[in-house]
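Okay, so chain A shows up in both of these, paired with chain B first and chain C after.
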Partner chain A sequence: MSGSSLPIVLYVLRRLVQAVPLVVGIVTINFILIRLAPGDPATLLAGEFADRATVDRLREEFGLNEPLWVQYATYLWKVASLDLGHSYRFRAPVTEIVLGRLPNTLLLLVVSFGLSMVLGILLAALSARRPNSAFDNTASTIAMLGYCLPMFWLGMMLILVFSSLLGWLPTGGMYSLRGNATGMALVADIARHLILPATAYAAYFMAMAYRLTRAKLIETLREDYIRTARMKGLSERRVLFGHALRNAMVPVIAVMGLDFGVMIGGAVVVETVFSWPGVGRLMYESILSRDYPLLLGIFVIVSFGVIVVNLLADLVAALVDPRIAYD
Partner chain B sequence: MTDRRPPAAAAAAGPRRPGAIGLFLRKYGENRSAVAGAMLVAGLVALAVAAPLLTGHGPRQLGAVPLLPPGAEHPMGTDDLGRDIWAQFLYGGRTSLLVGLVAAAISTAIGVFLGAVSGYFGGLVDDAIQRVTEMLSIVPRYFLAMVTVAILGPTILNVIVVIGVLSWPPATKLARAEFVTLKSRSFVDAARMSGAGPWTIIFSEILPNALPPIVVQTILAVSAAVLMEATLSFLGLGDPNLISWGLMLNKAQTFLTIAPWMAIFPGLGISLFILGLNLMGDGLNQALNPRLRREAKA
Partner chain C sequence: MSGAGGAGGGTLLAVEDLRLHIDTYRGTVRAIDGISFTVGQQESVGIVGESGSGKSMTALSVLGFTPPGARVVSGRVSFEGRDLLALNDAGMRAIRGARLAMVFQDPMTFLNPLMRIGDQIGEVLVTHRGLGRREARARAVEALRLVRIPSPETVAGQYPHQLSGGMRQRALIAMAIVGEPALLIADEPTTALDVTVQAQIIALLRDIKEERGLSLLLITHDLGIVAHVCDRLYVVYAGRIMEEGAVRTLFARSMHPYTAALLASVAYDEDAGGTVSFIEGNVPNPIDPPPGCRFQTRCPRVMPVCRRMQPPRLPQGGDHAVYCWLHAPELPDVRD
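And now, the complex of A and B:
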């Protein structure tokens, strides 16, 4: 094991180094956006209703009277020291506000992602075993729908049916209003609030995991080593889950990891529809109140998060298929 | 076209051997969901184009009773200001269509150009373009689009340009792969030996042969652009002067439980449009790609 782990370590290090220009690129995009905005950047960062002193202080702080490259260096340095400015709506540091909301978004993400990966892959395995069977056709149709229904509309329809019509689940939020539950009661309360947003969010992930895995599995099940495994007398289940799925998973993990940047966008609409108090909802609120420092800060922090997830996906893919690290 | 088809597929065309396009149409027609997709898209496009003929109401015309459920006078009901939802649905489809087509045209043009250059020339240019493409694919696109539109202002032009400029990586990856494969074919060597320059080879020799998969990619790009526009409008980042399905859903949120028709119809519009485009994309892919065709039958 120790002999084979060195290439993986090197591989991860190489990917880490490759992430550096990406981080700089994202901060640069932010800087350009601040400059591109109509009007004075200092006013943009201070907010429409800021007083003269605040605007002047920000102009000083961001070196806006200095040449452009000094401004750029100042901005890079501020981001590197995790200073993403002040939200003028919350009157608090951006980093603090976003990190405060992050756990709620992570909870939603992890639950949705876990649910969709398990269900998506399981259904794909059952479909790929008999392509074009009744089961496959039904599952594929559902996946197509999950892939095409906009998350925010699916969310609204879920509220309509399960909250408004049937009254089974709350329409939104994370806790019951009068709830001062603790312990297991609190967990149960949050779980009840989590079901609908997680379903709306997971539908798309699941469809994607299903489609990718199914296509890859059908291809893999034709390989010679699968025939060998079958001829060895292995049970169909061992062949499917032990041999085929493991190899089909590598590209699936890679694609899902790479698309994470697109998927995370769903958090904004899902959290908005369900009033889930996470980073996505915060994004929506800052759009409404034109809180630009907060908007830009959320973009930076979410981007960094996406980069980390990409690295993790690379690492998992390399662990499942060590050949990747040798390329 | 003919060049791309392996002999097996050509032979499968039967004794009468219809042309490449005939064969393709037949293959596409055999795929029921692909035909359904094309009909969905055609139907929605027709509704949007013929909007003024299909409703006597203007999309912003006030006057009816607010929050009226669907009925004879207002087939999709009315909104909180007493405006006809059917009229808004028809005109909203125009916005989706416009943004989808123009943004996809922009992203495909950028993507194919970069992919072609990357795949044909290779070397350092290729490396540079691939790095940038990789970077843009990782950046959380929706967040970047929201920040950009919020800062530059929610006009239809900004929305279209932002979606187009942020969405080219898939087209680049596809075009690059096609160009890498096609550039070593003998017809390219022949063109080169007859003195054609690199740009002539790229645009007149290779590009026409790479078109079928690019067309499929463009259809999927339209669907992605429609979804992104709807999302931005839903979040209040669409052009406030244009009715769109996303904007209708944004308004519908407040009245979800008392006037669900405000939410149901525009959402159906977006979903069916995206579904139709994706079914078309899948169908075209299978009709164009003999290997997938065989797998679909397996």
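And now, the complex of A and C:
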């Protein structure tokens, strides 16, 4: 446990190697699924009024004339060499486009995730102290709402109230159009644009973190070692945060890690509603325009991200709980 | 109450007429129904009874740990001159771990699985003495050495799951004594352990009591342990005391039929075909118990008066007292 960090390094390496077939599988399934969908990208790319020759030229250019298995083999090989191909629409390398959008999504994700975890866990701790108190009932009802309301609907309502009616915050985007702010002014501008999408995004995950933590915490507070902690004369706050919360967090971390995939799905919705220039909106747009290489590229990068986050969640859980062995 | 016997003199803990009721859907359970006992300075006192007799509940209510739904209906718990039942939460916290500490039944579940042993022990000193973590850890190692844990430095850095049951119970004892309390309450401290380990833990408790000059209140169902460790003994049954006195006296000439039955059930009787003697009948329903003596439903020598009136405390000289009509100088008239 303590001392050598070698077991951890080996564990991470093994987990990463184990992830390779998973990524290949995901790429394969997505490749097949997307070719099964109706519609021809060359026609779409050329536009409604393009002549036959233009369409044929585009087909040739993007290799769409090759047999499916050739397209697949070529694609796999390229993915392996980290070349995710060229986007039909943007006429630029997929990797470049996705990596360009990734920081925007990460900003939204990290802020929302941080917000939902901190607030969700804090409220859960206050609720679990006195289950069924007025505070607990209020918080639990609000969490139930956050859990049930569709993200896109909540987003639109937030725009309606805070942008259209009150005019306090921008309706979408990441920067003010006419702004050419720099430094702190730019940070403030982005923050203003971030508030609504982050709120819509965080509502669900905060509700989930709250419900999970509250349930686990109430259970943990009945454990025998909590009585030991009280026997020692510790304050209730110390008992709650020093002893109970840490124990309750172990399963919460695991579940939140697993649900990271759901968060990506949320990113598509929220970024589309708020015109946030991130990977989620890029994914939505590439579906609409049948930009296969771009869509597949996003899938690969996102699934890799999910795998990495799951691994991180397992590592954090192992860090919190010494009983989890790296094997 | 007679004065506390035993080694040290003055009374440290005095519980008077403690009554604790638990409200359930089926009615009010009289878990503790008027129990009085004392523990003297540096004295070792045992409370013996079977499961459900209220002995653990008594220990827990001294520390202010009453289960949900339970309320102390009456009684006084005075410890070092203070009424613990009248203390607020902060006052109670200042005493817990510092003056009054407890060792619980199951060492497997009473240690925080995510915290190093040394930190769990040191936390007592961080809380009560304001020590820094480093110093607290050093004192924790000392406490581990006191409970005879080999290589205490290593163990202080380990987690509970890395220790055996006996080691964990030693760690819990270290946690209880590190704050140098005046009274250590041990609630069935050996029940969850292997027999060989049980003997070690009992010996350890006795040694520590002597070395540290503290008082010990031992809650157990095991008369053998009491014989090894305690000066005085209270026999409880269904929330009431049946008999009390010096261990020697009670073992030599118990006067209550329940004490006699308990003593008989300890012995493994080779002559009787290797059977273990047990007490016939059932414990009375703690919801609406019958009037009179609690042991009437199982007592081999039950009399009409036992079904009507609760027997008074009958002093038998010294610390010895019995709650049984058999030893009353004259019986009240209970004819219908």
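Keep in mind that, in the parts below, the second predicted complex is superposed on the first by the 268 of 327 C-alpha atoms of A that agree within 3 Å, B and C clash if a C-alpha of one lies under 4 Å from a C-alpha of the other, contacts with A are read in each partner's own complex, and residues count from 1 in each chain.
As a working rule, a contact is a pair of C-beta atoms (placed from the backbone, for glycine too) under 8 Å apart; a residue touches a chain by one contact, two chains touch by 3 or more.
Note that the coordinates shown come from a computational prediction; the quantities given were computed from them, not determined experimentally.
With chain A as the common reference, the superposed partners chain B and chain C fit together side by side.
Of the two partners, chain B and chain C, it is B that touches more residues of chain A. When both complexes are overlaid on chain A, the residue A:A229 reaches chain C alone and has no touch with chain B. Residue contacts after overlaying the shared chain place A:T220 against neither chain B nor chain C. Once the two complexes are laid over each other on the shared chain, residue contacts for A:R246 go to chain C alone; chain B is not touched. With both structures placed on the common chain, the touch criterion links A:R238 to chain C but leaves chain B unconnected. By the touch criterion defined above, A:R323 reaches chain C but does not reach chain B. Once chain A of one complex is fitted onto chain A of the other, the partner contacts of A:S127 are absent, as it touches neither chain B nor chain C.
Once the two complexes are laid over each other on the shared chain, residue contacts for A:N104 go to neither chain B nor chain C. In the superposed model, A:L145 lies in contact with chain B only, and not with chain C. In the composite built from the two structures, the nearest CA pair linking chain B and chain C is 8 Å apart.
Shared contact residues of chain A, touching chain B in one structure and chain C in the other, are absent. Contact residues of chain C toward chain A in the complex are 63, 65, 89, 93-98, 101-102, 104, 106, 109-115, 120, 123-124, 127-128, 157, 159, 161, 172, 175-176, 179.
Considering their complex, residues 1-2, 223-225, 227-236, 238, 242-243, 246-247, 250, 320-323 of chain A touch chain C. On the side of chain A, the complex with chain B involves touching residues 21-22, 25-26, 29-30, 33-34, 36-38, 44, 131-132, 144-145, 147-150, 152-153, 156-157, 159-160, 164, 171, 218-219, 258, 261-262, 264-266, 268-269, 272-273, 283-284, 287-288, 290, 292, 295-296, 298-299, 302-303, 306-307, 310. Across the interface of their complex, chain A is touched by residues 131, 135, 137-144, 146-148, 150-153, 223, 227, 230-231, 234-237, 249, 252-253, 256-257, 260, 263-264, 267, 270-271, 274-275, 278-279, 295-296, 298 of chain B.
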